[in-house]
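Several structures are given next for inspection.
Each of the next two complexes has chain A plus one more chain, namely chain B in the first and chain C in the second.
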Partner chain A sequence: MEVDREDGRSQNQLRPLACSRNILHRAHGSASWSQGDTKVLAAVYGPKAGTKKNENPEKACIEVIWKPKTGQIGKLEKEYEMILKRTLQSICILTVNPNTTTSVIIQVVNDDGALLPSAINAACMALVDAGIPMRHLAVSICCCVPRSGLVILDPTKLEEQNMKAFAYLVFPNSVHSVLPEGSLSVQGEPIENGVITSVTHGVMSVDDYFFCLERGRAASTKLSDFLRRNLQHQSTDSSKAG
Partner chain B sequence: MENKQSSSPASFIGSTVIPGDVVLDLSSMANQTIKLGDGLREDRDAISAMKAGTLRCKKPNKYRIESCQKRYVPCAGDTVLGIVVDSKRDDFLIDIKGPALAFLPVLAFEGGTRRNIPKFEVGTLLYLRVVKAKFGMNPELSCTDAHGKAAEFGLLKDGYMFETSTGLSRKLLSSPTCPVLESLGKKLPFEIAVGLNGRVWVNAASPHTIIAAANAIMNSES
Partner chain C sequence: MEGRLANAWRLTVNDKNFIKTALLSEIRIDGRKPFEYRKISIKFGREDGSSEVQLGQTRVISIVTAQLVQPYRDRPKEGMLSIFTEFSPMADPSFEPGRPGELAVELGRIIDRGLRESRAVDTESLCILAGKFVWAVRIDIHILDNGGNLVDAANIAALASLLTFRRPECSLGGEDGQEVIVHPPEIREPLPLMVHHLPIAITFGFFNNESILLIDPTHNEEAVMNGRMTTTVNANGDICAIQKGGGEGVPQRVIMQCLQLATSKAASITKQIKDAVEAFNTERALRKIKRHPTSTGVDVREKQNQ
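After this line comes the complex of A and B, so read on.
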């Protein structure tokens, strides 16, 4: 059953992805991520000595600041900050640099749907650029359930507004390993099948949600490959690696 | 046995890895002692990468991930350029672009006694050696080499200090001499101190020369 999307994409097709790292001169790590017209800039500073008052000094602390394109910072931005902080805390290895603070600043350059997933992807690439130790990378996708029809991926803002419900999903990336396949599993399932974060809006049935998860997971392998190619390409390109 | 060949390459040594990639299989190296350098961690039965970079292996058993960052990970035996942030009774607090401030004991100078403690103001630039850099502790520095001699460590007067990435500092210090430094040296007389923490200090007779040398080095990182 064909779904009619405005820009002519199929239901599982993502918008063109673009990512560049090390674009800000002063930040210790930076990345710009764009999916179609949605563009987000992430900057990482740190790790710097000292943690905030209520944070555990035996672990590194991650602090997120979200800057919207226009307007003042309100509840929505604080919510995004909290979601991003929890996601990043689960992918970074916090015990390597105890009693330090790493600040992640997200600047929204343009919002055309799937903003939070783009921000998570940008933040992850900026952390890699800064050399913060991480367990694995996070790839993030937005899946939505329209009022009638099949689940679609990576909506634009117009499509998002007409949806019955949507879910932002974050998965770990697929890893290359020298071990034989199947040995890197947690409780019998490969690591890529785990879900790091899931944020849902609207009303959807349980079946729809599982279907979203499945579609999202399939798309996350494509995103993982994109990330891997991007990191390999940039590191062999510049003279820094030599 | 057969499916091992189809799934993964024999080894990642010399190729780029990203965080999460499992790079070494410990079960096939049962009786060897392996030393893990920067960027690798032990994860149950395997070694996986924490950073994105190139996996390097120094025979016989040292593995590390070589990557280029703006921040520095302190490592024992490195030479760095530090800036004095504060001075206490027993040591100076030095900023070396790492996650924690480093300590320079007040007596860690050649012929240093309680009577001739050097007076460094806040903001002084020093060329130092990292003595200890253990997990969880602030790194310890020294102004002497391993035998206790001064060996050019200490205060850097005049000149100009600029920041680079750790990758460029490693390249400047590599042997044979980096082509940038060699060709600069043929044209301009200057002296240079390179810290593995991404700081470079250049000094020459005239400001002209200093600026030319500094710009050349900064732009050599394409």
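After this line comes the complex of A and C, so read on.
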């Protein structure tokens, strides 16, 4: 059963992806990520001395600042900051630089659906650009359940507003490892099958949710490959002189 | 959050002396001459009214939005124009999030004076129903990268986004003609704003030595210079605003020299902005022609028979 999408995509197709690293000069790391018309810019400063008041000084602290395109900062922005902070805290190795703060600043350039997933992807690229030690990367995708029909991936803003429910999912990226098979799995399952973050809006049945997870996981392998190719390609031809 | 020691960036004494000595022989550290501007690149986003300007290493984006509101009581026939500047912590490690600091407020005020008091944007054309409904245009300027001379870059970005912004067309309706109907962009083509002229801000830097004068300082030069002056002029030779807040005292003939220089620079920058807007408008018109969707995304196949 094919769902008729406005821009002609099938239900499993993502929008054209584009990303670039090291675009700002003052920031220690920066990246821009765009999925279709949604574009997000991320910058990383860190590690800086000192942690914030309520944070554990024996670990590194991650601070996220979310800047919307226009208007005041409200509850939605604070919620995004919190989700992003917890996601990044779980992928960064916090014990390497204790008592330091790494600031991640997200600037929304254009919002056309799937904003939080784009921001998470951009933040990961920016952390890699800044050289912050991480266990693995995170790739994020938005899956939604329409009123009738099958789960679709990567909605535009118009599609998101007409959905019954949608979920933002974050998975670890797929690992190419020199270690023997099995040492990177958790309880028998490979690490890519885990879910780092899941935020849902609206009501969906349990089956629909598991369906979203499965589709999301399949998409995340494609995203991981894209990220890996992009990072390798840029690191071979960039020279950081001056 | 309190400012932390790690955030303060100081130029070393050696760097400062090097910059000053080089300027005595009219050499700048990035190879420019004292009265040369850095390369300006103006790009636009997909939507109307969003622009990104890069002036050397400085990067600024500007977004224009508009809303229908009630006008001020003492100006019932005029629309409103407001400018919000955000010094994002992305641009510089010393920018803190939260309330705008004095630099951000000063930048906003300079751009505001240039646009409002010189009547560059026609606010009377923003009035739909006198006393009841007018358009309030809001310009949000986000500084992404601080490479020096934020005022000039932000000004160019604000102008570029104002020129490409389109507001929805509205007409009066209802029984007594007092209701305002806003037409969506798919039904009726949105209208551009009426901009009479383009006030361009040009910043000069002064040093202890009277013979040193430069234009468009980078952030290294800003840390060394002793005084600054921002003049807002337009291509017709009108002076829209001059801002010189303290700093090194400068003789009158130097001010006159700066003003003459500013007028010639303003002409070339105005041309550059107009060319970029022209190109965007052509591309926008081409996009209006409905085309078959050509975007092919990344296809994800579902797992086979688990």
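Couple of notes before you dig in:
The rule is short, and it goes like this: the second predicted complex is superposed on the first by the 234 of 242 C-alpha atoms of A that agree within 3 Å, B and C clash if a C-alpha of one lies under 4 Å from a C-alpha of the other, contacts with A are read in each partner's own complex, and residues count from 1 in each chain.
Convention: contacts are C-beta pairs under 8 Å (C-beta built on N, C-alpha and C of every residue); 3 or more make two chains touch, one makes a residue touch a chain.
Because the structure is a prediction, the values reported are computed rather than measured.
Of the two partner chains placed by superposition, only chain B is touched by A:175; chain C is not. Touch criterion not met for A:203: it reaches neither chain B nor chain C. Using the contact criterion defined above for the overlaid structures, shared-chain residue A:48 touches chain B and also reaches chain C. In the superposed model, A:130 lies in contact with chain B only, and not with chain C.
In the superposition on chain A, contact of A:99 is made with chain B only, not with chain C. In the superposed model, A:70 makes contact with chain C only, not with chain B.
Contacts of A:232 after superposition on the shared chain: chain B is touched, whereas chain C is not. According to the touch criterion, the shared surface of chain A, contacted by chain B in one complex and chain C in the other, consists of residues 48-49. Chain A makes touch with chain C in their complex at residues 7-10, 12-17, 24-27, 30, 36-37, 39, 41, 43, 45, 48-50, 52, 65, 67, 69-71, 103, 105, 107, 109-110, 153-154, 214-215, 218-219, 222-223, 226. Listed in rising order, the residues of chain B touching chain A in the complex are 3-4, 7-12, 16-25, 39, 41, 45-46, 48, 50-54, 66-71, 73, 99-101, 135-136, 165, 167-168, 171, 220-222.
By the touch criterion stated above, chain A contacts chain B in their complex at residues 28-29, 46-49, 93, 96-100, 128, 130-131, 133-137, 172-173, 175-181, 183-184, 191, 227-228, 231-232, 235-236, 238-242. Across the complex, chain C meets chain A through its residues 1, 4-7, 45-47, 50, 57, 59, 61, 63, 65, 86, 88-93, 97, 138, 140, 142, 144-147, 293, 295-303.
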